[in-house]
Amino acid sequence: MKIKTLLASAAMALGLATSVYADGHEKTKVGFVYVGPVGDGGWTYEHNKGRLAVEEEFGDAVETVFVENVAEGPDSERVMTQMALDGADLIFTTSFGYMDPTINIAKKFPDVKFEHATGYKRADNVSTYSARFYEGRAIQGHIAGSMTKSNIIGYIGSFPIPEVIRGINSAYIHAKKVNPDVQFKIVWAYTWFDPAKEADAAKVLIEQGADVVLQHTDSTAPQAAAQEAGNVITFGQASDMGQYAPLPRVSSIIDDWAPYYIARTRAVMDGTWESKDTWDGIGAGMVGIGEISDAVPADIKEQALAMKTAIADGSYHPFTGPLKKQDGSDWLAEGEVADDGTLAGMNFYVEGLEGDIPQ
Amino acid sequence: MDLSVINPILLFAALMSAATPILFAATGELIVERAGVLNLGVEGMMIVGAICGFAIAVETGSPIVGFLAAAAGGALLSLLFAFLTQITLANQVASGLALTLFGLGLSALLGQGYVGIKPPRLPDVNFGFLADIPLIGPIVFSHDPILYVGLILVAAVWATLKFTRAGLILRAVGENHDAAHALGYKVVRIRTLAIMFGGACAGMGGAYISLIRVPQWTEGMTAGVGWIALALVVFASWKPWRVLLGAYLFGGITQLQLNLQGAGVAIPVEYLAMSPYLITIVVLVILSADKSAAPGSLGRTFHASS
Amino acid sequence: MIRLEKRPQPSRTFAYLTPLLAVLATFFFGGLLFAALGKDPVASILTIFWEPLFGEFSFYYRPQLLIKGAPLVLIAIGLSLGFKAGIWNIGAEGQYIMGALFGAGVGLAFYPAESFLIFPLMVLAGGFGGWLWAMIPAVLKVKFGTNEILVSLMLVYVAEQFLASMSLGLLKNPEGFGFPGSRNLQQYDSAHNAEIIVGSGMHWGVVAALIAVIFAYVLLARHRLGFAVRVTGEAPRAARFAGVNPSRLILFCLGTSGLLAGLAGLFEVSGPAGQISIDFNVGYGFTAIIVAFLGRLHPIGIVLAGLLMALTYIGGDIAQSQLGLPAAAIQVFQGMLLFFLLALDMFTNYRLHFGRTEAA
């Protein structure tokens, strides 16, 4: 107890304590609403890691709370309200389906800050944040295109939504750049998380000749399937999936919410929090690129790292013209860069991809 | 579109593996239902089996011990259901649903320390040159041992039901528990054993997912397979070989739709995904003409004095 | 030697006593579980059961009990009629989905026109959708004698796929940037099932649930059809002699339960949930089966059981956030509660007999 009091007064001395709050609590309270269980090893697991990072960063100056397995709809509204009533200063709602509930509850609690992941509706006390995963996809596409021998790259999609389609396009553009003969086979699993089905999808793609499998679903099942098949490379998704390195997993895209969660918590603590739309990528550290393993030849690894640096410092944008849409119509002229609006709502394939986006 | 990329041999080999969890669970449930008990807790027993098998396999380093533990875990959980429905005579539908709820929660609690771990692998059975026979090799001789256990299980259940006294008694209890009781059979004891057998099979099926098909542990990983198994028993009209056929059909449709997608065929995935259930309903209707198909006492509570 | 003996009449004392005993037993074993997880057992149980009802913020949670409980009660009332007559509809989840899809579909078809007629039309469509989905097992049972338990269960999965297809296709919000899910009906006044008194939790679904409870009570206690339901469940053969038409009863029981489940879906999608999405259904249809049994298939009992279930959901979420209890522990706790309620219910209809077994 003593240490706690000490730390609290120390925090006060540092001006971190938020005695401005009407109800007089001193700790900054941060709530997290999760759509899945923290044990899913993927999406929710990574958000929870971000929460733990916040706790570690601020120690006793913050208190974090979370509720897992919260259904989208009225249940999520209730959980948000409950957190707000219990004195939360900042609430992260970590699923697209919480969009309207977040806006509804934010109206009722103008003094509480809300952060909604992957949505597009904002308010004075609602920010949105999302990660430019397509930047990581570009690097994956480059490695995939360079390393495939069968020229067939398998892609496991979750749902045909802009987020996923962006990833497919980005990976394809960069695979095609280094390997004009490359062909993408896309399988929609219609689930974010169903290990058995993801494993099946990976096996099917491998049987149909793919020697690279990219996944936009969250379990490690495709990695295990690739390992068993042998001679197939994969990339970790959401978390590093490093237990499958160096083969089949040669690199990964990591959702790293920790820097953002820490920054936003700090902003609430020192009173500088403002509503904004954050769409960060490799540069800000929201998208992590997992270590490229030694299974990747040195020159390809070097190129991939160079691309990572260029994307991070802003000198290269993965969607840079000339690019055409699948139907052959022009999309981006030479040197032109895609605007965020188009990217956010992307519902078309780029030229060269086969098949239709399911409706 | 290029259908030639679909290799029917590999497709069949893959669907055998995909169908095995359903096969185990459905075969177990078949025995339970043949004894006149409807246990809707299959999903709960499967997921508990999945984590028991996974945890024990990781701790001991032996997948086989893991499978045994999965069977034990499933059977143990099913004892709860047996107690509720056979001793305290609670309603079977409600008890089964409660069992699923309980099992999902329990498995998540047990599995907290096992997320992100790789379990020990169970190698495929080495059939030597047999595996190189064209066509037959990949389909028949290239699987893990548990898959063969599943096939043997179906055969054993079929033979037991058809040829043995135990099978006869089981069916008698399921057809008409009052008559079976009058003949001096211990209805409650027989049903309890059947329920435990069902639990053990479901547990094995769950462990097949967490140890072989996926292999990893994550909460809720059975993702509704237990409910499919329930459908399958009906589809099979309570006959073991038809369970096998049905499991391949159910597993096969998923495999086929993924294959067709990979080949670039634009298919309405949702409508294909609902087709097994629609087919099951059609089969049910056809079967209803044959009144002997369903066990007569299915789902009814038995009490000796009534 | 202990054995069970059927009571000539169900015991009234035990009918009231067993739920209480079950709750106490759950407190005890649940407390052990929470203690094993390193949490204060008393605080945990108080948080789940006391906080929502009498805690600091009960003004907010009490209305939430209505919102969470209403669909459970509405569906369970319909199911209980069938269950009493030995007609087993376990596909309410599917009927709930179809009700929501039909109702929301009608509402969205009129978008953006405003008229006071739209919401009543949606209610009709929602009820019809659920009724239609329940009529499939009903007609198959009447025509071919097909087992309704299994057909209704299969149709849940068909409905779920249909829901996914609709949220990705036909009903997708054209202004939703390609994300799955329909327009939000909360933002479409004519289609919005708003709270009748703001902050009270009373929306039309709650009203419908209350009407259904009264309707079921009167039906069972006074009406000839209620008599038919009861006698069919208790003595099917006697029912024939009493002139009960089994086919008509099947159509009535399944139809009514489907209708009510469909209405529950419609009121949910147009009110608290707001939109059709892939994960729109959250298992009310299955939980309602448990609620129906916990309420002993009696209308008043169902109301109490529905509120009890709602309480454990709401209190469970509070306990997660305030005490850091994992969601899984809450699930296990709920499972325990159900087990004890189901198991102890035995004492209502049976009594323990000590002594040697006599010849029957």
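For reference, chains read A, B and C in written order, and residue numbers begin at 1 within each chain.
To be clear about the criterion, a contact is a pair of C-beta atoms (placed from the backbone, for glycine too) under 8 Å apart; a residue touches a chain by one contact, two chains touch by 3 or more.
It should be emphasised that the depicted structure is a prediction, and the values quoted were computed from it without experimental measurement.
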Contact-graph separation of chain A and chain B, given in steps at minimum
1
Based on CA centres, what chain would you say lies at the far end from chain C?
A
Mind checking the centre-to-centre distance between chain A and chain C? Centres are C-alpha means, answer in whole Å.
36
Just curious, how far off is chain C from chain B if you go by their C-alpha centres, in Å?
28
What parts of chain A, by residue number, touch at least two of the other chains?
37, 190, 358
Two or more partner chains touched - positions in chain C:
164, 168, 326-328
Specify, in ascending order, the residues of chain B that touch 2 or more different other chains.
108, 112, 219, 268, 270, 273
In their shared complex, at which residues does chain C touch chain B?
4-6, 37, 88, 90, 136, 140, 144-147, 149-151, 153-155, 157-158, 161-162, 164-165, 168, 286, 289-290, 292-294, 326-336, 338-339, 342-346, 349-350, 360
Once bound in the complex, which stretches of chain B touch chain C?
38, 40, 80, 83-84, 88-91, 93-95, 97-99, 101-109, 112, 219, 227, 230-231, 234, 268, 270-271, 273-274, 277-278, 280-281, 284-285, 287-289, 291, 294, 299, 303-306
For the complex, which residues does chain B have touching chain A?
5-7, 10-11, 14, 18, 21, 108, 111-112, 115-118, 209, 213-216, 218-223, 225, 254-255, 258-259, 261-264, 266, 268-270, 273
In their shared complex, chain B is touched by residues of chain A numbered 36-37, 39-42, 45, 154, 185-188, 190-191, 193-197, 199-201, 203-205, 207-209, 219-221, 224, 239, 243-244, 354-356, 358
Can you list the chain A residues touching chain C in their complex?
31, 37-38, 65-75, 77-79, 81-83, 85-86, 96-97, 100, 104, 120, 159-162, 165, 190, 344-347, 358-359
